[in-house]
Amino acid sequence: MIRFKKVSKVYARGARPALDQVSLEVGRGEFVFLVGASGSGKSTFLRLVLREERPTHGSVFVAGRDLANLSQWKVPQLRRQIGCVFQDFRLLHNKNVFDNVAIALQVIGKPRHHVMTTVPETLEMVGLAGKEKRLPHELSGGEQQRVAIARAFVNRPAIILADEPTGNLDPTTSVGIMRLLDRINRTGTTVVMATHDDEIVDQMRKRVVELVDGQMVRDQDRGVYGAAR
Amino acid sequence: MIRFKKVSKVYARGARPALDQVSLEVGRGEFVFLVGASGSGKSTFLRLVLREERPTHGSVFVAGRDLANLSQWKVPQLRRQIGCVFQDFRLLHNKNVFDNVAIALQVIGKPRHHVMTTVPETLEMVGLAGKEKRLPHELSGGEQQRVAIARAFVNRPAIILADEPTGNLDPTTSVGIMRLLDRINRTGTTVVMATHDDEIVDQMRKRVVELVDGQMVRDQDRGVYGAAR
Amino acid sequence: MRLQFVLSQIGNGLRRNMAMAVSVVLVTFISLTFVGAAVLLQMQVGNMKDEWYDRVEVSIYLCPPDSSVPACAGGEATEQQVEQLQDVLTSDSLSPYVEEVFLETKEQAFEAFQERFGDQDWAQRITVDQMQQSLRVSLVDPELYQVVADEVAGRDGVEEVIDQRSILEPLFLVLNRATVLAAGLAAVMIVAAVLLITTTIRLSAMSRSRETSIMRLVGASNFFIQLPFMLEGAIAALLGAVLASTGLWLGVRSIIENWLAESVRWVNFVNTGDVLVVAPLLVAIGIVLAAISSLVSLSRYTKV
Amino acid sequence: MRLQFVLSQIGNGLRRNMAMAVSVVLVTFISLTFVGAAVLLQMQVGNMKDEWYDRVEVSIYLCPPDSSVPACAGGEATEQQVEQLQDVLTSDSLSPYVEEVFLETKEQAFEAFQERFGDQDWAQRITVDQMQQSLRVSLVDPELYQVVADEVAGRDGVEEVIDQRSILEPLFLVLNRATVLAAGLAAVMIVAAVLLITTTIRLSAMSRSRETSIMRLVGASNFFIQLPFMLEGAIAALLGAVLASTGLWLGVRSIIENWLAESVRWVNFVNTGDVLVVAPLLVAIGIVLAAISSLVSLSRYTKV
């Protein structure tokens, strides 16, 4: 699903690379934790998959396509196959829960009846049935993150990228979010999640990829957070 | 140093209160952890101390002053006695480390020679000596948070408020930041820190105040994160 | 679903940057008003040239009895001299240039004089004899005045040859200067308008950067993201153009049709009909301005 | 330390919103140019009133030999009639209104006529006898013309009484209408300028909201946070005012001093000196505009 071939990324001239010769393959339906200290390049990895950035060296393949050959106007097509979840939720404050999720279908031109059936279905799945009319600030942090996950998942993408989705949440709420992502993963969706949260990683026992200063130092099946320390 | 007398805060009409009848006293030189689930009112508590918000009921006293009687133009004076640290660092991206710290002295009109001596001193203390000329993105997350702490501490405030200062940092880096805050606390500065990080709270064994849905449910000396669960 | 979504986006944008949208409308309004005014002034110049250059003639003033000009030392022009001059003007060498020759007698000159100055007190005491005979020559091409003048000037009985066009030149000079002034103001204002529309779009993009980044994240196409911004600019520019057309129409109606055209009857003024011709031009300019500004600002502020 | 800090903030702000700052300068420029033009036009009207209303007189035209007016049925005004009229004008009842009475003889009228129309061909054939005697009365208060006219009109030997002021009225009408037009354009542009400055400050505040919130956090006073924004607006407005003054100066120099004043010598035109009087006014208006806009936008966008 995602393949990195000796990918390096240098942001500013002369700075040390944010990613350094990373080669990695993530198969369909896998669940991968990306761990590493702050600044180790986790977000950079995810941005390369989304083609928000282009690699300085090496090539990135997503869903079988070489992103280097992808012309600019086809990037939206790529992104429709990828759902994103962030630490800060990134919801629209002035739109209610339903609209926040519906926007993902509206901008890609889905017909009205499709939106009307799919959105409630997805909200039901993430456990927000009955809260369609609430505004984001009327929800708890955990609920807001569920809205964000619903938005990422509503058009059934092949891949979900999550950048520290539990970073703003307390431990109890975090566990709920992890259960939800695990459930989505079981539907066959590939999930790549960057995180600092050692408890969660240790508990889930999934594949763990560790970055240190942009280099991949560990790729462990059913791994734990701190193994390399 | 900080005294809350039956403080309630309701944001939007009809919503449940973000803080509900909270009474609390924090003495000079204390170190207090504010814990609670997402949306339990931790940030609201800190915003009330900073007078970014005004309480709906009750009164807030900071450094002996009743914030209700504080006229608008005296608010800056209040803030000069309070240093703030946030999860997202809030540094100026286009200014280097020195300038980011110096701004806290410049805006309150300190003379040049005072800036020139105090800033390097503080940077030395937080362990950033020699990195004065770096821009924020050339630093690791932990180092950026140290810059933010230096800025909060550079004019020796009586109080430091920290809103999830380790939320964006990996466990190892977080421990370093906590040591630094502890050291600042030992100089006699009152520290109030909102956090989700159970490991850190359990490890430090300081006073813990827990909020649940805006209500104070626990105030424990040398407490742990999960005691009330 | 999509159209409705785009429309709601535009509504949001305009409402959020109300002050900005109003100032774009006003500045476009003023700049296009000047463009329109410049065009109308040039139409006026064209009108007057068309009308007058056809009618204007070369006047060959014939010697009066008591002229002080040396060429008239021989006294009043004789009938024979007048006939000779008419022959010269209709001869083979000049006839290609001359369209018509016409002798204005003293009586005719007196009539024209009374028509122009008749309401003045002293004019009533001017007599027919104080008037002067002249040959009025209309030319095939008014620009070739000099050929005729060279041939006729200095002949017996000719006091002075005058090209009536030269009397009109100062008027055209004033009108042309006014055109330049209006065009200059229009240019400055258009620069301001382009900068403004650019900034409006930019402001709009900035204040909606969260929405935009989220839309990009969920796979909205570039066009879909940029369309609302472009339409916002275009709507504002369009409103400005409509206001400018209305302003010009009202101006022409009140200043020219209801006032100047009443008091100065001998000029063929531009009218509100001409404004209707200019209006589509203004609208087109407004839309082009908006389009250019959109391209400039959007490529910078909302890229994928 | 503080001043330097504020200056660097302003520099940053202006650089970041270059397009916006330029459009504020241009729009302020144009709007203040119209304000200036309106003021100069009114100065021109004032000039001309001062100069001409003092000089204008009531002309009492005396009967010529061959007048068709019934009052002159008795033929040319006799010397006795003229003396009687002079007596009336200097009598106790009229003397408070009349400043000076002066008899213009036919010769003097001829001279004045030749001076005005002398370069026209037909004027050279007008004789002294065709001119007309008149009494020229200058009034203490030109507004009280009617008192004198009522007393004198219809007496023997008086053909017509004319208030010269009425000849000037159409000219003043044109100038006043031009003033209204300029003032109207100025008003629209000033609205645009205020909206623009407001939006510039707002844009500036938005694009620096991170800095601002951080400065607030570390205890910067409101004034210290808002000062750079206010100064940005003021600098832009000031530049606009300076440009407007320069524009008016150049305009007056090239259009009036080098052109109109050369060709129309009988009018006391406004000059570049007057522009220097108007300039400080424009600067003051610019600064007031900026101040108002700042107050409006800053209270909304950078509150503590």
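Going in written order, the chains are labelled A, B, C and D, and every chain counts its residues from 1.
Simple rule for what comes next: a residue touches a chain if its C-beta (ideal position, glycine included) is under 8 Å from a C-beta of that chain, and two chains touch if they have at least 3 such contacts.
All values derive from a computational prediction rather than experimental measurement.
Undergrad: Give me the chains shared as neighbours by chain C and chain D.
TA: none
Undergrad: Look at all chain centres (mean of CA atoms) and spot the one farthest from the centre of chain D.
TA: A
Undergrad: Between chain A and chain B, what is the gap in Å from one C-alpha centre to the other?
TA: Here the centre of chain B sits 30 Å away from the centre of chain A.
Undergrad: How many angstrom lie between the CA centroids of chain A and chain C, rounded to a whole number?
TA: Taking the average C-alpha coordinate of chain A and of chain C, the gap between them is 64 Å.
Undergrad: Between chain B and chain C, tell me the centre distance in angstrom, where each centre is the average of that chain's C-alpha atoms.
TA: 70
Undergrad: Quick one: which residues in chain B touch 2 or more of the other chains?
TA: Counting only residues that touch two or more other chains, chain B contributes none.
Undergrad: Indicate which of the five shapes (line, ring, star, complete, other) describes how the chains touch one another.
TA: Per interface graph, the chains form a ring.
Undergrad: By the document's touch rule, what are all the touching chain pairs in this structure?
TA: According to the stated criterion, the contacting chain pairs are A-B, A-C, B-D, C-D.
Undergrad: With touch defined as at the start, can you tell me which chain D residues reach chain C in the complex?
TA: Against chain C, chain D makes touches at 17, 19-20, 22-23, 26-27, 29-30, 61, 64, 66, 68, 113, 121-122, 124-126, 130-132, 160, 177, 185, 188-189, 191-192, 195-196, 198-199, 202-203, 206-207, 255, 263.
Undergrad: Touching chain A in the complex: which residues of chain C?
TA: Residue list for chain C touching chain A: 1-2, 5, 210-211, 213-222, 224, 304.
Undergrad: State the interface residues of chain B toward chain D in the complex, per the touch definition above.
TA: So the residues of chain B touching chain D come out as 50, 72-73, 75-80, 84, 90, 92, 103-104, 106-112, 115, 151.
Undergrad: Hey, which residues of chain B end up touching chain A in the complex?
TA: Going through chain B, the ones touching chain A are 11-12, 15, 35-39, 87, 137-142, 164, 167-173, 196, 198, 225-226, 229.
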